[in-house]
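In order of appearance the chains are A, B, C and D, and numbering begins at 1 in each one.
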């Protein structure tokens, strides 16, 4: 699997995700600067976490307008898979690749902590190594991860199986206790209609080694390798 | 020319920041405070003398960058 | 170039329009005593200009000159075979094997954090990060030691939430994990909180960068953010008299821009990977003044600074303001000749300001020019050698009487006592703080906050880890400074060993009250003696540190607080142990006296 | 009664947000944009009918919570 990781001014988890990809594929992904409207062909595009453009104005707003994102939109339309994590999720929603938006956490504070996620479906490139209903533990680290969409959009997402992950309690119960940021319906990650674009707030790339935060996130990358190689 | 842009959340969109400010004010001894909404206020210097043109350009800036029209409204005001 | 260097030296500086006459009041407002001003006159051989006075004032401030603490700091052991650079540079450097060095330091931002907790704390983190990456290191972890007033005091809540948000706001955006620290509460800090921030970075031992300038004619380059009127040196009156529009030019609080600092970090590391840097120094306290001065002084050279070339954020700025501004996210670099364009490209790629603002000379003078006029001309060596150093009178705190254990009543209700202890603010969980700090970014955090006595961070994907901690128990230091100083070092040592690492070196942050009071100076002296003794016994050298004095409100000092930051190494991180009880049925053993 | 509060950075205080927005607008094809400053705009519902009293209370809210007077200015406006 050939992967490209985008780098914006202010990105800061690009190294983490590159490390995770290298761990499962044995090769370093291509790092793509925000000004590059034209980068090498790849099997997967990753929009990483961080504070692109300082997260000023609105998280992801300025990055969404960069030359590289114009190209990402083009390739996503052609079906190239896009994995968007944390600030990446904010960027792709601003760019219109995924519905909804990420607002300030309900408690207004930055939160860095392990959370539990319920995998909603195994029927996707990104989740094929998990079982539907499985509970995994990965960290979050954000101040604006409070997913919001209007009722029509939410209904459409639910009806079409476009919810990827929901925050839950360790036993899998989806209720307020496991929700770190106030996200509507505990949504932690969503797909586009074709399930080729996935955005999520948690950091599977920081859960790929048992000694460093557990390894529940590793299957996501392994699943991608399996699907895309 | 100077312009002032207000960006506010649309009705019906939850405003966690506004809510938290309201709560805090209530707790700090301002029980008379009801609903609170927080928006952005952006002041721009423009190198443009034609008012109509400036307005059209500002409108474009708002739609492109300053506001997320899925959840936000904006209003433009020209000063001086 | 230095062609005009010679004639330049002979020209007396030109007075700026509206330049006030220097009165004893202006001198006092610059924090210089009459005796210190006499030294200024002797060095200059004439009355200084305002900008020159401002430079003396900054360089001879307690903060930059360590005039009250210097004689005592010399007592700390600073050497060991693994020490590459002890005190005297931007940060301390130790060898951790495999061609790698750990670079670290702690620094205070106490007063600014009390005035504006979010920005004060944020810029404190920004400053210490720059100290570490200036030397070529990529920062791998941050720690912070915080002291607040009584939780019931009306200001405490506001200060705590602002400081914690500011530390998180800056560190999180920079993408450096904040992995540890300490937080205590005591009424003695009601009007004077302590914010001590520590950064640890890693660099190859053969790619470490220093501040000493070299090479006559080499260009002096300014990079980073533009200069504004941020935190201009205390002399309010002087700077307002200086301007036509005093409201506009009021000295203001420094505001940090972690986004720009992140770009500056990446740009500096990119430049450092090339071979063009002669010397580099961040612009911290006293900004352009101390950075240019120190680079020239350390290299035994002179410097010409063309102030009109400095990138400015505001209109109408004058040389005084430019020299004394504390605008954040700026660096000064001496480049090898002819490499300006190569360097410029890197900084422009990262959308940062880049300007050649002068060059090195062989005159050992700092010459300031402003649109072609010389506005300042100071000999460098005497400003350093003639700097005031005080051996302040001190009275040692006597050992308190031993408390008879039998006189302490046995608790009636053990359960209630335990609960009372666990819920007291000093002992209660601090997870509400560190959950606001990204402590996992970089994917190397092996022992997180609360999971061990020290944090443990893997070094660049290998097997090696660095353990780090910050410790001090101010009420011990208050009771008996020597014992308290010893204890703080010993505790840091124990915490490093408790996770399985070998303790290597210390950085410190000496937070004390007014050194002009003999009993406060005695606390300082006592703490240093205790620390020195412990460090010697443990072979635990001090490689960097910072002193913050005059922490008092209305004559009431804080508790003496010598914060100890320590770093240790573990060869195989898989062998580390935390303090979390991971399995039922294991035995618990008590060791020691 | 409804009130609108504007909170803006004092002159001379660095405004990283405004700076970044200005940069972005320039890059996006709006070269006419010069200095940009971003502030907050807060709308509050007040259970209070006396204008003078409302104003005094709002002033207190600004000083206590809404603005950080070390670096920010505020202005109050009553509507309806």
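Criterion: a residue touches a chain if its C-beta (ideal position, glycine included) is under 8 Å from a C-beta of that chain, and two chains touch if they have at least 3 such contacts.
The structure presented is a predicted model; accordingly, all values stated were derived computationally and were not measured.
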Pair joined by the larger number of C-beta contacts - C-D, A-B: C-D
Rounded Å distance between chain A and chain D, as computed from the means of their C-alpha atoms: 34
For chain A paired with chain B, centre-to-centre distance based on mean C-alpha positions, whole Å: 29
Whole-Å separation of chain centres (CA-atom averages), chain B against chain C: 39
Touching two or more other chains - residue numbers and ranges from chain B: 40, 64-66
Sequence positions of chain A contacting 2 or more other chains: 53-54, 56-57, 62, 65
For chain C, residues contacting two or more additional chains: 257, 259-260, 351
Inter-chain touch pairs (all): A-B, A-C, A-D, B-D, C-D
Partner chain C, residues of chain D touching it in the complex: 10-16, 19-20, 23, 68, 70-71
Interfacial residue positions of chain D with respect to chain A in the complex: 16-17, 20-21, 24, 28, 38
Of chain A, residues touching chain B in the complex: 57-58, 61-62, 65, 94, 101, 103-108, 146, 148, 150, 182
In the complex with chain C, residue positions of chain A that touch it: 9-10, 12-13, 15-16, 19-20, 50-51, 53-56, 109-113, 139, 141, 143, 203, 205-206, 208-209, 211-213
Residue ranges of chain A in contact with chain D within the complex: 53-54, 56-57, 62, 65
